[in-house]
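Look at the two complexes coming up: chain A is in both, with chain B in one and chain C in the other.
Showing the complex of A and B:
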């Protein structure tokens, strides 16, 4: 086993007991939130959970190559999940935050477009560097034919590598992932911003306009923090690298859904406690 | 399957670093409370020292976790540490004097649950995972709190969301010019997150030496402290900020010199490293 191929193999199997514990934990947190803040808080928490799950699911689409990709020995973008998801998600979050006054739907879609655009540009430039800079063609190591274009992959794959470059399906996966993650990050931000805008004036005994900078900053900080937590948990789920939606590791997504839901619920609950107690 | 790679054993045991880091961080954060007793802001620099202590502990925790080859890169560990820690820290600031203790407990609970989620639900099956994520959440929370205490001179929610400026002789309360309202917490977040993940990322490998890595952590911590000290000019009196800046620069020069000496020490010797191990050690 070469050093490059020897990625740690965390089990691909589900752990039903742990999943059940996760779901129970989620219900307990939802119940606790209902207890401390039945209306505003619970609405915000549900928004946060949906956003977190979108981030966790979306990150599975993003072609993450890590260090092997930087050496042209594995397909994908040559960096880690945390960096990529942060880039795409935060780009989406900024787009969504800018559109926040236009309503939840517009802002969420704007966030998704921001994230997708960021990933499209990233994938494009990565392929430029691969093809014109490193002189390697795009070839997937996990499938014989590209699931979208049907192009044959095996002939272009160098021996001893897991594929290289960024095949078309990975590009599409990256854009889908960026859209989902950007929309998810924006949802978290909007859910918390609505909550803080409604509760901070009484909490800090100041006017609505005065507390707005604090509400925006705290909601934004929580959104960034939850974004990173969800992205890193997803990175743990795929143990670092994934080629895109055609990768066998993609089938692990149910685990990440539960994990993201629990983690977002927990972090969201703490964020709601700031104004609830 | 996860294989632990201990390239070089020895050095100070992790438990000792953890306890020393925790105690000195808490003590340093509480020393900034002298500001309230003495009605000055001269003790703000203790917040920066708390940051350095917490980072040293945190980077060793990252070493413990990442020697299992988690496959996601070392920076991800720093990001989850601060992601979970900042959330705990923001809630804890509401508890006034008890804030550091509440941050500690709350971050530990969040880290524990995140550790369970990643180890069991996501099936990572890494023995050190739960403890490491718990410790890192605490480190993240205390580091951001240290930065907050250093930049604003206090760590209460009111202090972090308001600042008083004098306009035409009348004191006015400003919410936008504050640690939270001005978004400085985002800078503190990344200053800490980069400083915590860089040392192990830079020092890992067969030539890893504990003292060199921890010295690099202290260097990164003081470097972050310089930036935080510059930012603190906006919130605390110029004299207090100057003390922070001088402490940070002296600390940085000393630790950088030490790190340079240790790098030369380690580079002069060559290590009979084994063939590339079967699992990646990052």
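Showing the complex of A and C:
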């Protein structure tokens, strides 16, 4: 089929074969990890995959308008998807890593709240600049009424634009995205930290206290790197801009979940191999 | 008790440093047209509008600042390992990082502008001479403040991450907060000052940026001066609030109920910001009113 004859799919169609290949790849990587490190390694890899999936799913909620939003031509935050999600998620990772001694549950939730708080402040300041700095009210270009507040949107779009600012549903989406991304990043960090804390003392012939700074640094670097892998992957899935959970592009999330799981599994497997071989 | 008072003092200092960093970051990126509004600076010559705006977009602001802050912090860390005084080490590390920023800015301007040669856009040597140093000065303030607050978090508050990793994280967050808050003000309010106030830029006007000032052609230092007042301040407040509140809730409330206190305060703060945001949205709808009648818009 030529490119001209191909039906436009808006990049949103699911490809069952690709999804099945992704799931098979995931199982193969899990199997390889079980072969290399059946206990500690596999537990860490599952933590990394869950964290990666949370980041991939959470990034879909973040309302990002890219360059058109910077001119008030489209709703959302005027920056890149991956960059904003990374900013929020890493702010969450900062808090989560600090709370690591308090246990996995508390640290993960702390990381999530840190990411959510970053997004809440950023989204509020975005609307502040639009309203008080530029005199422009928030309006969605994708729905006639805000799904949460029921506010009508169409008449608040200025002429020749797709909308502007952050309607309430986008604000809520941003906060949810920040929470999921922050929790995901922290989970990856904690999973790898546990693995490195247990394996580094034997590997480096040193005491637990001596290897702790190295374990923290290596786990932190891997967490940041895997965060960017998942955020960028999702940015491709939503092709640049998204308004939030009410945007039709949001329905593409199952594809990103599979992709994030496979990418996280592969990256996590490499992170495990440095101590397992 | 002493620990908590000390922690609050350090938290206040980090918040102040973050505010200055956010403000300087946004102004630096606006002078260099580094954020999303850069698309219009790049587009304008292609639409026949030649200009004298600096155009140094190396990457998005978050990864660029992640790199520069991590570089400054890594070098500062190395100097501190050589027993250099911490303040001097941070200053030296940031100076070296700023030189890297200057190299990127110069090559980005030359490369990006040279790619527009077929549309007749000249490469102005005087722009490189006058603008690069101004962006470097602002970048130094932003990088120094970020690395200094990371040193406080690491050294005084005891965060487990090493200094370069903290600087990478907060550098990316700085770029994210600064570009999110500051970009619309530069992109809409300054580049399209010839469009109607209180409305978005019509898509048909894309590329027709304002190129003339009160006297002669507009340059990027004018843009930095204009956007600093609202865009820069808002970015500073945004990043300052993020850093301050994140550390404040941890320092004061993490000991309550084994970490759940800090979580509860975090949730409460998210709710407070949600209410403020909703108030701003409703206020705008009531005071500015719709652009068209509801029925007409639905049609």
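The working rule: the second predicted complex is superposed on the first by the 267 of 277 C-alpha atoms of A that agree within 3 Å, B and C clash if a C-alpha of one lies under 4 Å from a C-alpha of the other, contacts with A are read in each partner's own complex, and residues count from 1 in each chain.
Basically, a residue touches a chain if its C-beta (ideal position, glycine included) is under 8 Å from a C-beta of that chain, and two chains touch if they have at least 3 such contacts.
Here the structure is a predicted model, which means the values were calculated and not measured.
> Overlaying the two complexes on chain A, which is it for chain B and chain C: clash or fit?
clash
> Who touches more of chain A, chain B or chain C?
Answer, by number of touched residues of chain A: C.
> Looking at the overlay, what does A:270 touch: chain B (first), chain C (second), both, or neither?
first
> Have a look at where A:102 lands relative to chain B and chain C in the superposition and call it first, second, both or neither.
A:102 contacts chain C only, not chain B.
> Does chain B (first) or chain C (second) touch A:220, or do both, or does neither?
Both chain B and chain C are touched by A:220.
> Classify the contacts of A:27 with the two partner chains as first (chain B alone), second (chain C alone), both, or neither.
neither
> Have a look at where A:241 lands relative to chain B and chain C in the superposition and call it first, second, both or neither.
Touch status of A:241: first partner only.
> Thinking of the overlay built on chain A, is A:81 touched by chain B (first), by chain C (second), by both, or by neither?
first
> Looking at A:256 after the superposition, I want to know if it touches chain B, chain C, both of them or none. Which is it: first, second, both, neither?
First partner only.
> Taking the superposition on A as described, I'd like to know which of chain B and chain C A:233 touches: first, second, both or neither.
The first partner, chain B, only.
> By the touch definition at the top of the document, which applies to A:110: first (chain B), second (chain C), both, or neither?
In the superposition, A:110 contacts chain C only.
> Which stretch of chain B would you flag for clashing with chain C, going by 41-49, 167-175, 203-211 or 239-247?
Residues of chain B that clash with chain C lie in 203-211.
> For chain A, which residues belong to both interfaces, chain B and chain C?
The overlap between the chain B and chain C interfaces on chain A comprises residues 66-67, 80, 83, 86, 213, 217, 220-221, 224.
> Where on chain B does chain A make contact in their complex?
1-3, 68-73, 75-77, 79-80, 82-84, 86-88, 90-91, 94, 106, 110, 113-114, 116-118, 120-125, 158, 161-162, 173, 175-176, 178, 180-183, 185-186, 189, 276-280, 282
> Please give the residue numbers of chain A that touch chain B in the complex, ascending.
Counting only chain A, the residues touching chain B are 1, 3, 6-15, 17-19, 21-22, 25, 66-67, 80-83, 86, 204, 206, 210-211, 213-214, 217-218, 220-222, 224-229, 231-233, 235-237, 239-241, 255-256, 258-259, 262-263, 266-267, 270-271, 273-274, 277.
> Show me the residue ranges of chain A that touch chain C in the complex, using the header's touch definition.
Residue positions touching the partner: 66-73, 77-80, 83-84, 86-88, 90-91, 93-95, 97-100, 102-103, 106-107, 109-110, 113-114, 116-118, 120-138, 144, 149, 151-152, 154-168, 171-172, 175, 213, 216-217, 220-221, 224.
> Touching chain A in the complex: which residues of chain C?
Per the stated touch rule, the residues are 35-40, 60-63, 159-162, 165-166, 168-170, 172-173, 175-177, 179-189, 191-192, 197-206, 230-231, 234-235, 237-238, 241-242, 245-246, 249-250, 254, 258-260, 262-263, 266-267, 269-270, 273-274, 276-278, 280-281, 283-285, 288, 290-294, 296-298.
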